[in-house]
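Pasting in a structure now, in structure tokens, and then I'll have a few things to ask.
Just so it is clear, A, B, C, D, E and F label the chains in written order, and each chain counts residues from 1 on its own.
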Amino acid sequence: MANILLNVSRRNCSPRSNELWRCFTRQFNKPPTANDLARPCGIASMQRLPVQSTSEGLDACFIGVPFDMGAGNRVGTRFGPRQIRTESVLLRRTNSGTGAAPYDSLQVADVGDVHIKLFNIKKACDGIRDHYREIIKNGCKPLTMGGDHTITYPILQAIKEKYGPVGLIHIDAHEDTQDVMIGEKIAHGTPFFRCVEEGLIESKRVVQIGLRGSCFGPEAREWGVKQGFRCVSAEECWHKSLVPLMEEVRAQMGSGPVYISFDIDGIDPGFAPGTGTPEIAGLTPIQAVEIIRGCRGLNVIGTDLVEVSPPYDTTGTTALLGANLLFEMLCVLPGVKYV
Amino acid sequence: MANILLNVSRRNCSPRSNELWRCFTRQFNKPPTANDLARPCGIASMQRLPVQSTSEGLDACFIGVPFDMGAGNRVGTRFGPRQIRTESVLLRRTNSGTGAAPYDSLQVADVGDVHIKLFNIKKACDGIRDHYREIIKNGCKPLTMGGDHTITYPILQAIKEKYGPVGLIHIDAHEDTQDVMIGEKIAHGTPFFRCVEEGLIESKRVVQIGLRGSCFGPEAREWGVKQGFRCVSAEECWHKSLVPLMEEVRAQMGSGPVYISFDIDGIDPGFAPGTGTPEIAGLTPIQAVEIIRGCRGLNVIGTDLVEVSPPYDTTGTTALLGANLLFEMLCVLPGVKYV
Amino acid sequence: MANILLNVSRRNCSPRSNELWRCFTRQFNKPPTANDLARPCGIASMQRLPVQSTSEGLDACFIGVPFDMGAGNRVGTRFGPRQIRTESVLLRRTNSGTGAAPYDSLQVADVGDVHIKLFNIKKACDGIRDHYREIIKNGCKPLTMGGDHTITYPILQAIKEKYGPVGLIHIDAHEDTQDVMIGEKIAHGTPFFRCVEEGLIESKRVVQIGLRGSCFGPEAREWGVKQGFRCVSAEECWHKSLVPLMEEVRAQMGSGPVYISFDIDGIDPGFAPGTGTPEIAGLTPIQAVEIIRGCRGLNVIGTDLVEVSPPYDTTGTTALLGANLLFEMLCVLPGVKYV
Amino acid sequence: MANILLNVSRRNCSPRSNELWRCFTRQFNKPPTANDLARPCGIASMQRLPVQSTSEGLDACFIGVPFDMGAGNRVGTRFGPRQIRTESVLLRRTNSGTGAAPYDSLQVADVGDVHIKLFNIKKACDGIRDHYREIIKNGCKPLTMGGDHTITYPILQAIKEKYGPVGLIHIDAHEDTQDVMIGEKIAHGTPFFRCVEEGLIESKRVVQIGLRGSCFGPEAREWGVKQGFRCVSAEECWHKSLVPLMEEVRAQMGSGPVYISFDIDGIDPGFAPGTGTPEIAGLTPIQAVEIIRGCRGLNVIGTDLVEVSPPYDTTGTTALLGANLLFEMLCVLPGVKYV
Amino acid sequence: MANILLNVSRRNCSPRSNELWRCFTRQFNKPPTANDLARPCGIASMQRLPVQSTSEGLDACFIGVPFDMGAGNRVGTRFGPRQIRTESVLLRRTNSGTGAAPYDSLQVADVGDVHIKLFNIKKACDGIRDHYREIIKNGCKPLTMGGDHTITYPILQAIKEKYGPVGLIHIDAHEDTQDVMIGEKIAHGTPFFRCVEEGLIESKRVVQIGLRGSCFGPEAREWGVKQGFRCVSAEECWHKSLVPLMEEVRAQMGSGPVYISFDIDGIDPGFAPGTGTPEIAGLTPIQAVEIIRGCRGLNVIGTDLVEVSPPYDTTGTTALLGANLLFEMLCVLPGVKYV
Amino acid sequence: MANILLNVSRRNCSPRSNELWRCFTRQFNKPPTANDLARPCGIASMQRLPVQSTSEGLDACFIGVPFDMGAGNRVGTRFGPRQIRTESVLLRRTNSGTGAAPYDSLQVADVGDVHIKLFNIKKACDGIRDHYREIIKNGCKPLTMGGDHTITYPILQAIKEKYGPVGLIHIDAHEDTQDVMIGEKIAHGTPFFRCVEEGLIESKRVVQIGLRGSCFGPEAREWGVKQGFRCVSAEECWHKSLVPLMEEVRAQMGSGPVYISFDIDGIDPGFAPGTGTPEIAGLTPIQAVEIIRGCRGLNVIGTDLVEVSPPYDTTGTTALLGANLLFEMLCVLPGVKYV
């Protein structure tokens, strides 16, 4: 299936270079620059990339999962993908901090959203799983915009089918390893219990970073440790760079396939107010960037950024943070060139 | 150029009817229903219609002009098109008040935004004019999402070239007929002076509805009347239906081509807070709908809805109002079927 | 079960009259006045009334149903009950417009919220039904704070068991009579289809007021008419008092039991921005009050006020409107004294 | 004392006309136009008028009273004057609805704020009274920006000293005629009881317009009627123009001195959310303008606009409404020329 | 006086365990878990604990003091207690960072708010003092939700009567040791001057942490030092853990009774925007947690968390921070068990 | 030209000390204290200082440049000066962190805003340059409130004329050294290219601090280095005090004239959400203060604080931060006394 040149016609192109036109017709899709297409202009796909409805021909894709029926407190993450796309117009092609130039080496597009069956959690999750099966079957790496954390469960179901059990780098304030919530097996507090139960992740290759806050008791942390998880509390991260931690995480992960699941509530609510279950005294955006950049060299086969809730994100700061972290994730995918 | 099936792949389609797929592949584009694609899902084009970058094959198009450099007070209308699209996901295919079913009789798409040359008002306006020349050359009727009111000037330049001078139904709190603002000829208070000066509109076929507020003096109103405009103050509209007024307006307009230019500040700030120069004691949304529905039967060849400023529209109410009024405009285009 | 004197101890009482203490210990519960307990003080039950967990001894009760899993667009009504209670602290005991003094003649309390099984719509609805069975078995009349409109279905299931099919005064922008939404039978667009299907309402004693907006087609309206509903579009209400309409509605309702279901989106988004599926050009709060006051004399056996979504209600205006309308509903219950 | 040319130096003046400079140095102060000084520019005095700290040489003055210690529910009106000034930059010199050109016939300035003794209500009120004594001693007419409604009491104390008891046109949702609130004589619910008690107003020349909402009982309304007040409930105003009412009010007021006290909560919260004790189903801004324009011809000797609370006015709509109503009040002062 | 089972009836309890019911009827009150009562459900007492109007039988209590008449800049803290309670529904029973399980060892309830005499600061403060006398007479430890910082003065008056002068751990951007503000002795900048004057605190056992910002001069800091206070500026805290500082503070405090007074403006406005006199470059939430956890082992006999102003807390972040810090304070009370 | 005593008359002065009156009539202007004039009172000039329209007699001045036509993404900085002034009322006279008492040694006033020719970027910039020529000709040091970053270019044009090329301490997320944006030479991404081109700055005495984020490629950073700039990325600043860096910067700057240009987006969006092109993982306010305090001893001849955009600054936090940083800049001007 051919690329859809969403925000471009020859008329938009500057006379000097016809750059905008070429940026969508060269070997790799390029997000338009502010010179090619002014930032307020254009329909808001992720970074205003071309949109296509399958992953055909893609090395990686941005994909939205507007699902929030698993949330136990504040809702609204169903609008996360749309808001992340809106704020992403500010993003550019290259990573000034690392030199990564993902759009010089990977074919990337926005493949839109999964259609969510809003009134039936089970069917909705099955639909997510089935959609991802298709998206990843050609090896395309999904960079998911959530949605609440429930969605990682059906995504990993699909990933398991293709890759087998994966390593997991899980950034979050919460373990999300409850067995049931209000009597139900599928909710945003249970995905990683399900993942262990179904063998979707390799427990010895799981790290959880940023855990904190009030809790129901020590059982959740203990359960993870018993499975073999490395559990890194926020307290262990306070006042320090996470570069050394990530060195250890890379060793833990080895060369097997790795999935990154980033709950925005891993970050302190001062930086990420727009989320459903915020916990104080969390990670900083600097540490978040260190974690993701620390994944360079790993065999990352998919990522998600979940729990951005636009109704609680009055100035778009949280969605902007999410968009940037997704871009940082793109920058550490295998095969990305650095300048 | 073929339609772009923006928010759809076969995977999204419900097994029962495969309706969503067909809604984009039948004779006329159809906005997906909430059953076909849940409202929170999908990239936000206007009503989640297919996107194409030219007007090829279209009877009408939604088009954004994210230009706000002509604003003299609050800014932010550059984000109007994106926000109107976002709120438009709530819109459905048929008008319950009139029975209009525009998507059964017209081919409509979202053709994206004009690329705005942000730092040079003159070049930006020339760019708008040139872009519209292309869009309308095949008779496609543009339904414009502004942007500030400056943009009506270059749009009408293009329209004049194709249709000659047009009748104008102008809803606004302000006359917008200054000669210069702060020494400049192009700004959001001057478009209709320019239009008269360049013969873009037929002055006897101009009506301005909703005028009010503090002013620099009686000159603006007098100037319009002298040109032959009918000037209807807000005071003349208070406490009453505008159905009788529109009967007179239809007579005034006759059978010639008519352009509708709707400044959202024509409406009271209680209903439309998200705008740059709000004036109290204005029209109601009911009256706005009466005005537009009252245009049925006229030879409408284009419309705009301008001055929605998202930074001042904290709950999206103003953008939603704008989206609905654009849909009402679509419903009165010639050729629309009624059920 | 004895009343719970939530916001009061003898220490709070003014030395002069010990009024506050007495206001909770006399024959009927009284909301504390601003003199008895300053408005910013006290835990926010509805009107800061006593709280009890059953309906024992009550003529009427305020009850919250924090359920929003049936919403197809914006969510957040799960926080409706809490926000309505918060804004209700401004309400006083008597209705200055009608002279109704409900707290002089009825025993009323806040009975808290139904515990919602958040991750399973079917079980959640069954839980609502079961809870209401208990609440109403002694004839206590529930004044419900929603929650999305789905909840009226299980509430009416319980009410049918006690009262048989009821007349329905339904204020809303939408018919809410779809058979299924995204393949599911229970959602906020389907409750009145379910009600007809299960014989919970008497179709000839149904009136829907405020219908408007874009729609999927004329079928919804036609279906209702075919059942025997009276469907009053918003257009029929524009620019006029609804006192005459309500005279007709009272005749239609007769002396049988009547349920009032008020979707806040029946009112124009200028007055009620905090809701999930707002439609422009709707009813005014004045008309809303006329509708409810017009129910005086009917055999009202229960009411709800649904679809207040606090995340979209930035200044509390919508919740305040909801709180007032609930108070107006209390004022038209049979047995209320007028001064 | 000479005028202070707050926002102007010769450098700001356009070369063509040097208009801005002249606008402050001619016979009467003129608010700068948007051409003279762009709207975003300039320190925000009311309409960016010159500021002076006494009323020397003035026919009328805008004056702020940032007092909110009398508020029983939401606070924040202490920032009302500053926010009204900020929004007032949009106002122009002439009233397009009536032709009033106040700045062609009266000398007007902004005289700043009363210094409020924040932590002692009694002293603060005495300070307000003393300040107003000075301001009005030369016949300068104060147009007051509140602050909560408490302030009308000390203002009228000063006015009584100069003019004797005055007629009162009081727009409000509430009577504000309690004797005490929480045991205190001075609060925002008591000013007009105090005024009657101290003979500051002529009870037969008092009209209250817009009364409504829940109340403590019928006593407040009855008390006013007993004093001789005309009490016009909101219900009496619904669905109609207030032009006829104002004809009667003018007859009631006769030729004696009249004070206008406008509580912004007289207006419906849909239009004026930013206030402390909002009541639904109130007046519209159209009716508010009709009331004030209906005062033309009366011997208005002072006015206030109170209860604008910026923290609850997220888009500035309420402050803008207040600024416009203050301008309308200026336009009906005796001696204003009409064009 | 028996516990009030505010949010619970047997109907709310899950059939499996009847946990919710038991959680209120066992030896110690327990906040309901999200499984027992979904987070959006239930009237918002602190952590949805039982409410009682006296401290009978309690080891500790949450108590609100909705007083903001002492504020010199932004107001609104009168709604602090209600908002803190609302956000507190997210809190759970155990402290994951320290293992503290306060609800396993202390009997805790929400005892509601002090009734504030809003229009008379002196009487209001006397009322607070008298209320606290009753609350603490049985040794119950108050965890106060403010309100502005004025309230610490009358609270410490009551505490002195029971415990004698206390040590004070005072976190704040400001010294709050002025003698008078605008000529008055009671305001939110004077409490600790009053406390020294009346011998309520032991000056050698006072530490102030987080002092910073522009000031009137060096006198305030010098005055404190002269009394024997330890004054720790924010600058001394930058870039570092406060664990070492707290070791010194514990030594300073010794074994005598200690009161913790935490002004939320001690924390940087990036994390705590919702307050009245924010100062930049302040403490982080991490440091705030370190301070409170560093109080473990001290003889803490009461605490407060003041200056949360909901109107300036658009996403609830500040109130959530306040709720968490109050929970952390509960966790360091003497007698709390750790798991 | 004499000072304008904006917020003061003898009536405002406290009887005890007549301090407020004296504070404006002594040798140096003093911002009124909260005791002299309560914070909510007074027209909002910067720190409520006297206003004058020229720099006559001044050592330094606050000046607003409400220009935002150079912004490529979000707009609104045209209201930056007004909002910074509004929040600045909280500021006091002395710097508690450094002891600087600028108002004891410098004559400072607010000189209002440059009149911006809103619809012509070139003329607007020429107007800024011309205005600054006048302001600085007597050696008065401008402390500029932006406005977008474009304005530094015309300001430095004026400064060059008086001082020759200057050293530049530039805090920003972006290099702002593009040659053109969308084909234009003047925009907020080009000022420092223009400055180098026109020799306004000494490239070897330029430091850029806080650079980060996605970028168009490495060229911008390389171009600066090639000119001789020192470019300090945000990454180099993470987790550390910037005191050592500033020691090096002072050495780099030497004794020549230095200009400080502070783009608020240099700071992390968690602390400064109200800006147009926010980038995550930025500097902290603590580091910002360290940078400015680190300029003490340099020959600072002017400063600006740009890119505060009030529409995106929902709680005023960003403007407050800007106001504080401007005060810190005042505190490091040569000649300031320290207590």
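Quick notes on this structure:
Criterion: a contact is a pair of C-beta atoms (placed from the backbone, for glycine too) under 8 Å apart; a residue touches a chain by one contact, two chains touch by 3 or more.
Since the structure is predicted, the reported quantities are computational estimates derived from the model, not experimental observations.
By count of C-beta pairs in contact, A-F exceeds the other of the chain pairs A-F and A-C.
The copies subunit A and subunit E differ by a rotation of 120 degrees on their C-alpha atoms, rounded to the nearest 5.
We define each chain's centre as the mean of its Cα atoms; on that basis subunit E and subunit F are separated by 38 Å. Note: centroid distance subunit A to subunit D, computed from Cα atoms, is 54 Å. Each of the following residues of subunit A touches two or more other chains: 38, 40, 72, 78-79, 117-118, 181-183, 268, 270-271, 312, 314. By the document's touch criterion, interfaces exist between A-B, A-C, A-E, A-F, B-C, B-D, B-F, C-D, C-E, D-E, D-F, E-F.
Contact residues on subunit F toward subunit D in their complex (touch as defined above): 4-9, 11-12, 20, 36-38, 40-45, 51, 53-54, 64, 66, 78-79, 82, 85-86, 110, 112-118, 130-131, 134, 314.
By the touch rule above, subunit E contacts subunit D in their complex via residues 68-72, 74-76, 78-79, 117-121, 123, 181-184, 186-187, 311-312. Within the complex formed with subunit A, the residues of subunit F that make contact are 72-73, 180-183, 189, 211-218, 221, 233-235, 238-239, 268-271, 273-274, 277-281, 312-314. Those residues of subunit A whose C-beta lies close enough to touch subunit F in the complex are 14, 16, 33-35, 38-40, 89-97, 99, 101, 240-241, 268, 270-271, 284-286, 288-289, 314-317, 320-321, 324-325, 327, 339.
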